[in-house]
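Next, two complexes with chain A in common: one pairs it with chain B, the other with chain C.
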Partner chain A sequence: MLFNKFFSRGKKEERVLEKIRSHIELLCKACEMFRQALEEGNSGSMRKISDLEREADGIKRKIISGIYDGAFLPYLRPDLCRFIENVDDVFDLLEDTAFSSMNIYLPGKIRDECFRIAFLNQRMCEMLLITFDAMVKGDDLREKVLAIRIYEKKIDDMKFGVLCDLRELSIDNYWHGKTLSDFVAGLTTISDIIEDASDHLQIIHLSMR
Partner chain B sequence: MWKISSGIFMGWSLGANDSANIFGTAVATGVVKYRVAICLTALFVMVGAIIEGPKCMATVGGVSTLSPLDAFWCTLATAITIAFLTYLAIPASTSQGIIGAVIGAGIISGTADFSKLYKIVVCWIFTPIAGCVISVILYRFIGHIMKTKKVGIARKNFCLATGLIISGCYGAYCLGSNNVANVTGVYVSSGMISAEVAALVGGVSIASGVLTYSKKVMMTVGKGIVPLDPLSAFITMLSEAISLHVFTQLGVPVSSSQAIVGAVVGIGYAGDSRTVSRKMLVKVGLGWLATPVLAGVLSFIFIKGLGTILLNFGL
Partner chain C sequence: MKVKEVMTTRVETIDGESTVFDAIERMIEKRIRSLVVKFPGEDVPDGIITARDIVFRVIAQKRNLREVKVSDVASRPLITTEQGASLSDVAKLMEESGVERVFIRDNNEIIGVVALLDIMAGTLIMRARGRNVI
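And now, the complex of A and B:
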């Protein structure tokens, strides 16, 4: 086992990193699909997000087993796993939000803001992928992590506006109100989890310096 | 030959105790499995003891002239001192213990050579300082390379894992070469065995301690050092090994524990963080003073009291 480590020259680690990259790429794809489906009101595309979430679950399992099969120093493993869990949480939330969106009609007052938030979520995922690539290459992450924080702040500001608009809406059906509220909460929480994931990337990067 | 038994016992306890300084971090962080770690430590301790062990033996024996029975009492006094201080959780050095004991015996026989003690004490003072200075230099140097050179995370991980294993093997080699004199050095000066045989017996006894009873201390020390990141752990181990190797070339047995404490302090200084508390440093200082004094007093009591009784029985 010891000699395997010597002769593999980090191949195990590279395999795990490739899988993590494809996990994040899939997240970018899911976010893009969600945004397009939301803008077009396409329920068929929204349903496909569940398929992507299942695919992501499979990749996550392979990554975790790869890590505990001996890839990376045990010192790094908890932070790497937390990062993977964060990305998986985004998938779960995106799936729930997609499900909520299929059961509501978006009121005109908040419609455009929701589209913008979905777009920013997609941008954040892309930035997360760029940050991950930079970490893998050993580049500086500060600017990338800062960009993610700026996106998150922007979404937070928009969230308060959307919530104010929501309060002014008259709701005649409990389930419609709840689903709408769940949808907005999900849509605006995705950015928080992506920010947490980027923080973990920063921690992993600093741990290896 | 029964008189060597106390040396073998001391070698066993040294192996069980000090191997923690070598692979403790690597085992606790999971880089190396415990079994692999003890096999590597035992192997490299033996290699170090056989190749460079005799270098320090003249120093241990040169402090005073010992009879075979005095040599037995000296190693026994050191072993008891180390066990007692370990029980009090005070870091103790076998190197300081054995020199203190030999001086104690030399005072009785009137052969104590204090001029040689001067060189030894200077080396003791410089052991933690050397560990500290080397770790600061290595931390700044390697840290600078890591920051300026664009190295991918997979390669960094491979370099650190390999570095921890290689520095552990080097540390074991240096432990064997430096500390084997503490175990059997006194038997060489008393004319019981040759330096080569002493190195072999000492190496085997240290290796047996590593193989049979090192798990507990290794886990305790390793988990105590785990808060260090992999780079700091690697530099700490390498600094300790280099310090020991330098003092081996000077022919003076020194404490591996003090070298590693010095290295950890150096990392704390270089990284601008508090890794060692003042209380810990006081404890180390206390062990530094208490070990040679206590071992010296004990060997004095043994030779004066028990030695006379044994002589009366014709042993």
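And now, the complex of A and C:
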């Protein structure tokens, strides 16, 4: 298959692909931990998101070094790096959102919606991993990318409702209001970045045809 | 996949005595296509009013939006199912009842709504995950 020719499995490529996979797996773990911690109001678990973000940073550096150490054809490298940066951006945002969550009280009206958005973010990450695996195998990505878009659209619709509810809240403390707003913005932007990452996977896939 | 995963949890209600104009206002403001109709003080089940009901039964017939009551155009009863139902259960219920929306209940409380588009979206997600829905 043409895909295998360009994505040929030399040792360097194999090592990088394994690391990219573990980078996304770690993101799935972080999103799951975030969701559980949010539902349980567990600050201890929420703090551990920072540890996972640091671990992910280390993996990212190794991946980028591996790519510029000669893995993959040069024309593929920028898109691969952009994909890695997207995944890294999700880690950064997740860490910021986890931090915000520890300093707010979620009002009942938006609480359940935030739990659902965190759950859908976790599902999106899992789908990103499935999409990556499919790309490595050379399978068609169309259905996978569409599933990611469906999740993103769902979260976008929910975001509108949560923002409506937020505007109706009476805020008597500037920092509480700002942190709550930052939390919702972060929680609802994660899906946008995951969608960007999946778009990059599709670009890489198409550019190898 | 259970419907709980794809349902919309934002369910808005309106009093049956309100006007259709009130209903339109609420739907546009909340960007939704249906409202659960409550009949407080009456021993009748909840109903539903959809954008389709308003367009076909009120606007197309040139009735006055500010005079027609929601209860005059609402459909009853509300078609509901349990939150543990599968996508295919709900699809079958929609087909049998001839409705585009099924409300999800937790005991007697309405906790969400699933529309045709949600069934399609859920089915695609399951396919992408490599699982069969039906």
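Everything that follows uses one rule, which is that the second predicted complex is superposed on the first by the 200 of 209 C-alpha atoms of A that agree within 3 Å, B and C clash if a C-alpha of one lies under 4 Å from a C-alpha of the other, contacts with A are read in each partner's own complex, and residues count from 1 in each chain.
Methods note: a residue touches a chain if its C-beta (ideal position, glycine included) is under 8 Å from a C-beta of that chain, and two chains touch if they have at least 3 such contacts.
Just so we're clear, the structure is a prediction, and the values are computed from it rather than from any experiment.
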Exercise for the section: May I ask you to decide whether A:D112 touches chain B, chain C, both, or neither, giving the answer as first, second, both or neither? Expected result: second
Problem - Touching partner for A:Y174 - first (chain B), second (chain C), both, neither - result: neither
Exercise for the section: Applying the touch criterion given at the start, work out whether A:K137 contacts chain B, chain C, both or neither, answering first, second, both or neither. Expected result: first
Problem - Of chain B and chain C, the chain that contacts the larger number of chain A residues - result: B
Handout entry: Which of chain B and chain C A:I150 touches, first, second, both or neither
Key = second
Handout entry: Doubly contacted residues of chain A, that is, touched by chain B and again by chain C
Key = none
Fill in the blank from the handout: Note: in the complex, chain A contacts chain C through residues 112-113, 116, 123, 127, 130, 143-144, 146-147, 150-151, 154, 157-158, 160-161, 164
Practice task
Report the residues of chain C in contact with chain A in the complex, numbered from low to high.
Solution key: 5-6, 8-10, 30-31, 121, 124-125, 127-130
Problem - Of all residues in chain B, those that touch chain A in their complex - result: 29-33, 36, 143, 146-147, 149-158, 160-162, 165, 226, 229-231
Practice task
Over in the complex, which chain A residues touch chain B? Could you list them?
Solution key: 1-2, 5-6, 9-10, 13-14, 17, 72-76, 135-139, 204-205, 207-209
